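Labels A, B and C are assigned to the chains in the order they are written; within every chain, residues are numbered from 1.
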Amino acid sequence: MFKRLIAVALMLTVALSLGLAGCAKKPAQVTGDLAGDQTLRYDLGVAEPETLDPHLQQGVAEFNVASQMYEGLTRMDANNQPYAGVAEKWDISSDGLKYTFTLRKNSKWSNGDPVTAKDFEWSWKRALDPRTASPYSYQLYYIKGGQALNETDPKDEAKIKQLSDALGVKAKDDYTLEVTLEAPTPYFLGLTSFPTLYPVHRAEVEKFGDKWATKPEQFVTNGPFKMTKWVNNQAIEMEKSKNYWDAKNVVLKKIIFNLIDDQNTSLTMWESGQTDLNNNVPVQEIDRLKKEGKLTTLPYLGTYYYSFNVTKKPFDDPRVRTAFAMAIDRKLITQQITKAGQVPAYAFVPPGIPDVDPKGDFRKAGGDFFKEDLDAAKKLLADAGYKDMKKFPSFEILYNTSASHKTIAEAIQEMWSKNLGIPKEKVKLHVEEWKVYLPSRNTHNFQVARAGWIGDYVDPMTFLDMFVTNGGNNDPAYSNPKYDELIQKAKSSGDPKVRVPAMHEAEKILMNDMVIAPIYYYTNNWLIKPYVKGLAINTIGGVDFKQAWIAKH
Amino acid sequence: MSIVNGVNPGVFGSLPDNAFEHVGPIPEEQNLIVRPPTTYWQDAWRRLKKNFLAMCGLYVIIFFIALAIFGPMLTGYTYFGQVLQDANKAPSLAHWFGTDHLGRDELTRIFYGARISLSIGIVASVINLAVGALYGGISGLVGGRTDNVMMRIVDIIYGIPLQLVVILLMVVMGSGLLNIYVALGLVYWLGMARIVRGQVLALKEQEFVLAARMVGADQRRLLLRHLIPNTMGPIIVTLTLSIPQAIFTEAWLSFIGLGVAAPMASWGVLASEGVGGLRSYPWQTFFPAAAISLTMLAFNFLGDGLRDALDPRLRR
Amino acid sequence: MARYILQRVFAAFVALWILTTVTFVLMHAIPGGPFTRERNVPEAIMRNLDAKYHLNDPLWKQYLDYLGGVARFDLGPSFKFPGQTVNDFIRRGFPVSAELGIIAIILSMAVGIPAGIISALRQNKWQDNTTMLVAIVGVSVPSFIIAPVLMYVFALKLHWLPAAMWGDWKQVIMPAVALALLPLATFSRLMRSSMLDVISQDYIKTARAKGLSELAVTWRHAVKNAIMPIVTYLGPLIAAILTGTFVIEQIFAIPGLGRQFVWSVNNRDYTTILGLTVFYGAFLLIMNLIVDIIYGFLDPRIQLTGRKE
């Protein structure tokens, strides 16, 4: 399930170049011979993208289709830096509030129309219009007046118009876009490479209304590829767009997105040579695929963990929570169950995020917060009043219907029972269907629940702000004023020297209270045919085919 | 031709005259009928016993039930005991059926799974017979408007998305084997009801039913004594074929959360969990699937035997 | 007869209305909504979504609006796939599911019914036992096991057939076979059983005694009378299989209606749940009406209108 989550993405990530050295601003350096047929067949891992209207998208798979067709003001390079996309250059005012983008004159829509500043102004206003009901519109709340516009009553047309006109986005002329922000936001430039901030072609949207993004001939797009075919639940096909300003550096002629969600079917398709690229690998086959050298394991910015409900006995006591966290054998889980190179986790924020020093790593600097130690765990439990574990109250582990979550839950059940001496029948498993489980977790109707979180962007904040008091995703119902204060401090500053230490401090508090028991840091498993080169895959699941090519094979 | 007391008629001639004693009439035996009156069921049982394949089926089922009860004590493993280092091991002397993805003994898990799956099979059969056959029989026999209403109710239940019902049951009642029975009870009689109703519609116009009516059989007797026994063929087939479906439905229900909680697992759950690793660890699918198939084979032999045994036309 | 059909059609509409109502109540009674996500969106955005899809209207209004839509054959927009409608799903998915389903049903009847007849005529001989064994495997090994095994053998090892997807006839073979197995087994077992019943009846004995050939007896009398349960079974089967089967469509990546239906429940895509339920329900009611009419042709003695005592 976690793969389908919304990983928003400031694509500030370690973009990963396979088959060629990172040279992001330049076209892919094609080494060796090109195959005659430059067609890439990519198994999208879902049976149907929910929508290809970039303003309504919220999942990684959807983003990965849209990002081939569209281009924002910027794109992301391999060093996590935004570089010129539709915008040729930009100017940021000294107070960090005003951005002036100069658009390149040769950027064109796939029908030949020029891409203008008005397209962006109109598109962003559309994304924020409450009647559009964009689930990710909050990516635009950084713009002055954005949140107010989005929170207007959808029926109040006059007010929508008024707030829309006042919004901090103005097309000064066809090629100059001026953006005013609510507060200095160091990562705003990166955000402009994100789907919610893509431009959409006004004529089609107005002509076809709600249904504009459903037929290939109605897509007028400005990216390296354009859609030619969409057979629902089967395949999406794209061709290289002749009108793309950088077309000379796009090597692929055609991309076929195969829409398959069954993992074993995906694997069979890949192994029988019907797809080239697959990110939907069944865990049971990982051992074999590793042995046969077929698996590519990439870092993934996410943590798998167990939430404790801190308001319910017996897990309202941090000593109990810590003891339970200490009694899980993570190495055994990652080596024998998940198997794909996941890393045992002893903290919440995963590796792969820069520290104060951009070359450093937040996780390395923060270190681990606890060790697996059964004696210490038993001592903690005794201190908490549980001397005889046979008398420990019975409790339930909540997980959602999925074979892999079930396996891990069974292993942890056994570990807690065996390692802490709690009678088997007192550690219960409770499975719920996905949309039953989510409200249970969110309304704190559980004792221990499995959970996972993939970063929205490459910053510790995407993990840490979950647990502020009454936070929307604060499932453990944790509340600590000191913690809230540190998060607020980090949020209100653009200076790494202020925010990063504050976040380190906050994570330490979180882990001292052991609100969650981290299990492992995710990895991203790919099956890539050796002739597919020049892929850029980032640590939050995004993939860019602009520079990809097929080697002779 | 056999004679009372097994005396061979051929030896009469060589006997002395005083070999027999005159006993006269025995009043208390005068009204005795030689063949004891057998009920329909005794008769059926007598005929079933003569059917070799059917009895094999019965013994296999009894054997499986015995394994379900006593098997777990024999393997030396528990259904929950994990040895993660031994995960996904192929069948060996230590683990006859191999181990699962958590290093648990597959054989022991299959023995435990038999408890759930066999009980599901039995419950599904009972529901089919007690609810389905009766409901369909009544609908067909009464006919007309009653039939229209009763059958539309069946159609409505057919039409309601089962997944919605199951999720609601799960939320309201939680998990447990009993809830599986309830879920099965809600739907696992519809096909049977339709089949029986169709047969009864045709049968009730036949001569033997008219004859039974003529001698004053009431509706109840007509249904239970004449119509349903004459529908035994399709009933048994529907019954035996619906059991595996019930067993796999249980796996799906357990997956959604209605069934017994992990680590306990039924055959259906074992098979569906194994299928993900079909290529790397085929035994994890093969053994539970084989257990289900064998049981079904046994049920079918028994079913065929029962069909013959219960067929009133074969009652001589 | 016309009067009876009229009665039935009326009852069907009532049944459809009850079905819609029960489903409506059920889907609103279970936890989770179409916009429940792991990442909770801010409240204002949730309000916008609810407003756009009229989920902030009182339930009774949503219900009446929906019924109004159904009356106009408009099943509403999908919540999960913005821009698409439930009518789109049916228009696209039904032909695919139906094509696969018809092929599977023809296959299962073409094999299952003769197999059942032969079984009955050769009771307890090898033909009978083989059929039985195949049938048992057919029902005991479910499609979620059969399908990957087929795929492994014929796509990956032998390279005879494409693994999955939909388009040309080669992609129909494996799913059709996997889908046909269960009805095939059922047909053969049902046919065998009712043939055995019929064969032992007096009128067959009479026919035989009159010197009719074995073949003529089988065809003219036995099969015609034995086919009743098959017809009964076919009604709901056609409705179910032609509207799509989740497991098969999922494994073979077929763009049918069966998957759409299961997703709709998983996603709480309210309009799609209701729309597909209504569609399937109407189909089922029609099929069962046809079945009852066929009864009358098969056995003219059957009186559906009830008996005056």
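By definition in this document, a contact is a pair of C-beta atoms (placed from the backbone, for glycine too) under 8 Å apart; a residue touches a chain by one contact, two chains touch by 3 or more.
All values reported here derive from a predicted model rather than from experimental measurement.
When the C-beta pairs in contact are tallied for A-C and for A-B, the bigger tally goes to A-C. With chains reduced to the mean position of their C-alpha atoms, the one farthest from subunit A is B. Taking each chain's centre as the average of its CA atoms, subunit B and subunit C sit 25 Å apart. Between subunit A and subunit C, the centres computed from C-alpha atoms are 40 Å apart. Note on chain placement: the centre of subunit A and the centre of subunit B lie 52 Å apart, centres being C-alpha means.
Multi-chain contact residues of subunit C (touching two or more other chains) are listed as 30-31, 148, 152.
Each of the following residues of subunit B touches two or more other chains: 167, 171, 278-279.
In subunit A, the residues touching two or more other chains are 264, 433, 436.
Those residues of subunit B that touch subunit A in the complex are listed here as 80-82, 84-85, 87-88, 101-103, 167, 170-171, 175, 255-257, 261-263, 273, 276-281. Residues 1-2, 5-6, 47-48, 50-51, 53, 56, 58, 130-138, 147, 150-151, 154-155, 210-214, 231-235, 258-262, 264-265, 268-269, 271-272, 274, 433-436, 438-440, 442, 472-473 of subunit A are the ones touching subunit C in the complex.
Of all residues in subunit B, only 142-149, 151-152, 155-156, 158-161, 163-165, 167-168, 171, 190-191, 194-195, 197-199, 201-202, 205-206, 233-234, 236-238, 240-241, 244-245, 248, 271-272, 275, 278-279, 285, 289, 292-293, 295-297, 300, 304, 307, 311, 313-314 touch subunit C in the complex they form. Across the interface of their complex, subunit B is touched by residues 7-8, 11-12, 14-15, 18-19, 22-23, 26-27, 29-31, 132-133, 136-137, 139-142, 144-145, 148-149, 152, 185-186, 189-190, 192-194, 196-197, 200-201, 228-229, 231-233, 235-236, 261-262, 265, 273, 277, 280-281, 284-285, 288, 291, 295, 299, 301-307 of subunit C.
Within the complex formed with subunit A, the residues of subunit C that make contact are 30-33, 35-42, 44-45, 47-49, 51-52, 77, 80-84, 88, 92-93, 148, 151-152, 155-156, 159, 162-167, 250-255, 259, 263, 266-268.
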